[in-house]
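Here come two complexes built around subunit A, the first alongside subunit B, the second alongside subunit C.
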Partner chain A sequence: MSVLIDGLLAILAIYLALQSLLAPRLIKSVFLFFAFGLALALAWVRLGAVDVAITEAAIASGFLGVLFLDALRDFSPAFPAKQKNPEAAHNVLVKNNTKSLLLSRIPLGLGLGLFLLIALEAVWKTPEGGGLTAAAEAFLPESGVEHPVTAVLLNFRAYDTWLEIGVILMGLLAIFAVGGIKVYRKPNMAAQDPMLRQVIMFFTPVLFLFGAFLLYFGKTGPGGAFQAAVLWGAIGILLHLGGKSIIEEIPRWLRQLILTVGILFFLVLGFLFVAGGNALFEYPRAYAGLLILIIETLAAISIAAALTAIFANLNQMKEDPNETESIN
Partner chain B sequence: METYQIYNLTSAVLFVIGIGGVFAARHFIRKIIATIIMGGGVFLSFVSFAERDALTFADPVPHALVITGIVVAVASAAFALALARRIYQLTGEESFTNDK
Partner chain C sequence: MTDLPTSPFPAFLVGLPVLLATLSLFFRARGKAVVGLAGSLLTGVMALFALFEVTRRGTVIHILGGWEPPLGILLRMDPLAAVFIGMTAVVGIFISLYAWRYFRAQEATTGGFPLFWPLWLFLWAGLNGLFLSNDLFNLFVTLEVIGISAVALAVLSGKKTALVAGLRYLLVAITGSMAYLFGVALIYGSTGTLDLGLLGQVLEPGTTTTFALLVITLGLMIKMAGFPFHFWLPPAHSSALAPVSALLSALVVKGAFYILLRLWMEVFGVSLTYAAGQLIGLAGAIAVIWGSWQAFMQTSLKLIVAHSSVAQLGYLLMIFPLLILAPGVTADSADWLSPAWTAGVYQVIAHAFAKASFFLSAGIIIMALGHDRIESLRDLVGHMRITALAIAIAGVSLIGLPPSGGFMAKWMLLKGIFLSGQWWWAPVVLTGSLLTAGYVFMLLRLAFAPAREKEAFRPVPRSLEVCALVLALGSFLIVLPADNLIQFLQSGEVFGTGIESIMEGGAHGND
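After this line comes the complex of A and B, so read on.
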């Protein structure tokens, strides 16, 4: 029975992945990508990785899907299609030269087939290593939390988590750099759209509470800083779409402080430990649980702010402020 | 056949689909989606090995690495999307063309 479920789920994931690349319309592609993320999340649950499932469903499927949907406003929905930008019209050259296409596709197909065989053999014959389960289990009581994944993320491998917050911040800075200087427009749709206003008013407290629950529950079960951060980031995105963008409402110095507080607190804490003669991120055992909770809260706030800022920044990327939006 | 073996094989297939998509897809968004699918394949193999090495619980280290990896992949995909939109704004092209 379980083989049947797993087999069907595997076939579903492969089918959705193929279809999201082959679908004729771009919007279909994006929605199939949403579905692919959720199918993958189910696969994580089948493999006992509930933390990964929540992260996948929330950030890889949800947040990224929203970014793709937002990007569709820029690109024409059917590809290839007519260009909106008249000055770039001479650049449009999608020649359907079938012969050269066929010539390039045959080696690609053969190469991919060969690669598939190699990859299948590689994963099939991976030797048993035993993994690090035993080590993690032995040191779990000293970590200050009861959930092994949270212990690894925030205690045993805290260095990775610290740098990961840095990576998100770097991504945000890179997006700022690419986007150029923008005039922030205020959509302010909430005033006209009662439906949107109700959705925002209903979901904001629910999302906040659920995020806080996931954050605190990460100590004993699946959940933690990243999952909470995505939910809080969703609040920011909702408010932004409703015309009350937190990123613009608060002063600049506070914005910068919120974006960096997670990584800065981690850094200061780490160097305090080093100054005290311990290793970087070697928490004193008595306070480990409390410290992890504080770090997770600050990290979640920072990540949520960074995700909101990434969305707000990409959302402002419009070629012409006078142009009416095609999808909104 | 064990659960982890099914997902192991799936991960290899997903990776190959993704890499094929990176080469064959023309539109920027499709290319980015293809890289995410490639990443999904890698993460799936990690987590299936974690399931294989389970004692009282599954190996938490690959789980933590995968969570980190998903977030990093999303950050880089967001950056790629910003680049793609910028390219479209400046040139009006939706894919890499070799016609210049």
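After this line comes the complex of A and C, so read on.
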């Protein structure tokens, strides 16, 4: 039975991926991509990695999907007219060069096929190493938390997680770097829409509570800062779409503080340990659990704010057509 | 590994730039620049202190979180890491000083690009983290930090060419990271450890290891723009702002080379084959010839310099075949090894100084002329004596004429080539030098030629020219401590247990 489910899931994932790539219209591609992300999330659940499943559903399907839809709305006025021309040009090109293309594609295809075969063999023949699961379990009592994944992320390999929080902050800086820090007009769409207001009023507390639950649950089970952050980030995005962009409306210093408090607190705490003669991120054993919860909460707040700010900046850039032109 | 002396320096080398970058976000444009410059100087000075500490105490480590590998992550500052960190510090300090003056000079029209500072400090933290890392997965994370900050810096100008090149750079960087990560997953799956030191002991030859080596090498080649993955480099490096071009060419691409060198020498000894070495050497040789020829054919200064980077990075790939003996050959001593890999390190340092100086000079010329078409370099000597001198000195080091750092690098490379008996690489080195001489002398001929018509050279701050000149001189001055530096590098036992398998002619891998 489980083999049947897994097999169907595998076929579904590949089918959706192909369909998403081959879909003739971008909007269809985006929605198939949503579906593909959910199929992948299910696959992760089947593999017993619930953490990855939540992250996959939230980030890859949810957040990325929202960004794609947003980009699509931006392209849509320009696309219908343009879409025909490249295709027509492409057809002409194909007709003229079919032979030479075919000739160049055969070795390329053969090469890729061979590469895939070797890759499969390499994966297949991977000897069982056992990984670090046993070591992580053995030191779990000293880590301050009860879930091995959280222990690895926030204690044993806190350094990697700290750097990753920095990567998210830099993603935001990169978006500023492309667009520059500008003052945008506030989006005022649908602020009066009663449906949207109801949706926001219903979902905001639900998302907040569910996020807080995932954050706290990370101590004992699958969950944690990144998963909670996506849900809290969704609140920010919803409010932004409803015309109430909190991240833009609060004072500047407070915004910067919220965006950086996760990485800053983590680091300053680490420096304090170094000053006390320990290593970076070496928590005193007695306080490890409490410190990890504080770090996770602050990190979740920062990541949620960064995701909201990324969306708010991308979303607003198109509100003013002059701004997009100034980039070109 | 864990019984080595511990030091807090590695933690501060990564933490301090991140702290300063984050703090700079609280300030507005001018404040960001002040905090950024102060932060750069502070980071640089601390890095030099750390280098001094390693020369005094030998390799030092920092066990993050107090968890020893394989569970935890260990930062290791050995002589090789210390030399790379020191090079980043010296080159970084002068690029920072240049950037401060360069952006202030055009603050009125561009806003002074305040985001340069947090991004550059993050990039610096990523580079230091990469040089210190002793863990395959942590290396991936540092590659991400470097990749994202480098792409953001590359598109900072907001110009269309920069955005197009930047998007391609981003896609290439992600592809390289994914290939690397795939290899890491295979290694972790088969050995259950990510620590480089432990991996060097437990890794066993087999299909999985060989394939992991292949994808990791491919991923890193993509990231260091090795032939045939060099296509993204010239547009991305030439369209960025001048200080950014200097950072990207002098420092960022060296990160991938550093990992490749470490992995080939310390970890994958069991899986290296003679053929693999020859193949990567061939890619390097083609890059040397092709990149130099392309540089010779360009008509704008920044594109010449960017194509020249492709060629100079090719020399770095050419040291890898020298690390592996031909099948059936065994060596009694490891004499030939040390010139080969220290040649790579010297080439990295010499190129970092010379190329940073070259790109900074190009920025000065763009500031003076408004463009960088090379026919306008006529009478450069008459207008901007210091910049012309900087270009000449940096160019001589790129060619590899004595007594420059480039000469040291190529001399030791040739020594390694002849000692290892792989003489067929020697003509490539010489041809590359000749072609380099071609485009450098083409620039110098124009610089001394009388102007055809009066072209307006706008005045440029003298301090910018001095920064470029100091870096150019640096590419010569690094020859002075050459003996000490090479001894220092060799004291690090980078080969560890791998040296026996190398001397046996990579006996495991030759099947």
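In this text, the second predicted complex is superposed on the first by the 280 of 328 C-alpha atoms of A that agree within 3 Å, B and C clash if a C-alpha of one lies under 4 Å from a C-alpha of the other, contacts with A are read in each partner's own complex, and residues count from 1 in each chain.
Just so it is clear, a contact is a pair of C-beta atoms (placed from the backbone, for glycine too) under 8 Å apart; a residue touches a chain by one contact, two chains touch by 3 or more.
Predicted, not measured: the structure shown is a model, and the values here were computed from it.
Undergrad: Check subunit A with both subunit B and subunit C modelled on it and let me know: fit or clash.
TA: By the criteria stated at the top, subunit C and subunit B fit after superposition, with no clash.
Undergrad: Touch check for A:G166: first (subunit B), second (subunit C), both, or neither?
TA: The second partner, subunit C, only.
Undergrad: Quick check on the superposed pair: does A:S20 touch subunit B, subunit C, both, or neither? Answer first, second, both or neither.
TA: It touches subunit B, and subunit C stays clear.
Undergrad: Does subunit A have more residues touched by subunit B or by subunit C?
TA: Touched residues of subunit A are more numerous for B.
Undergrad: Give one of first, second, both or neither to describe whether A:A122 is in contact with subunit B, with subunit C, with both, or with none.
TA: both
Undergrad: Could you look at A:L153 and tell me whether it touches subunit B, subunit C, both or neither (first, second, both, neither)?
TA: The answer is first: A:L153 touches subunit B but not subunit C.
Undergrad: Touching A:A136, do we find subunit B (first), subunit C (second), both, or neither?
TA: Touch status of A:A136: both partners.
Undergrad: Applying the document's definition of touch, where does A:W44 land relative to subunit B and subunit C: first, second, both, or neither?
TA: first
Undergrad: Aligned on chain A, what is the least Cα gap between subunit B and subunit C? Give it in whole Å.
TA: Comparing every C-alpha of subunit B with every C-alpha of subunit C, the smallest gap is 6 Å.
Undergrad: Per the definitions at the top, what is the overlap between the subunit A residues touching subunit B and those touching subunit C?
TA: 119, 122-123, 126, 128-132, 136, 156-157, 160, 164, 167, 170-171, 174, 178-180
Undergrad: Report the residues of subunit A in contact with subunit B in the complex, numbered from low to high.
TA: My answer: residues 2-3, 6-7, 10, 13-14, 17-18, 20-21, 26, 29-30, 33, 36, 40, 43-44, 46-49, 51-52, 55-56, 59-60, 63-64, 67-68, 71-72, 74-76, 79-80, 83-85, 87-89, 91-95, 105, 108, 112, 115-116, 119-120, 122-124, 126, 128-134, 136-137, 148-149, 151-153, 156-157, 160-161, 164, 167-168, 170-171, 174-175, 178-180, 226, 303, 310, 313-314, 317, 319.
Undergrad: Once bound in the complex, which stretches of subunit B touch subunit A?
TA: 1, 3-21, 23-30, 32-34, 36-37, 40, 43-45, 47-68, 70-79, 81-86, 88-89, 91-95, 97, 99
Undergrad: Tell me, which parts of subunit A touch subunit C in their complex?
TA: 118-119, 121-123, 125-132, 135-136, 139, 155-160, 163-164, 166-167, 169-171, 173-174, 176-181, 253, 256-257, 259-260, 263-264, 267-268, 270-271, 274, 278-283, 327-328
Undergrad: Please output the residues of subunit C touching subunit A within their complex, sorted ascending.
TA: 6, 8, 11-12, 15, 18-19, 22, 25-26, 62-67, 70-73, 111, 115, 118-119, 122, 125, 129, 137-138, 141-142, 144-145, 148-149, 151-153, 155-156, 158, 160, 163, 166, 186, 188-193, 204, 206-208, 210-212, 215
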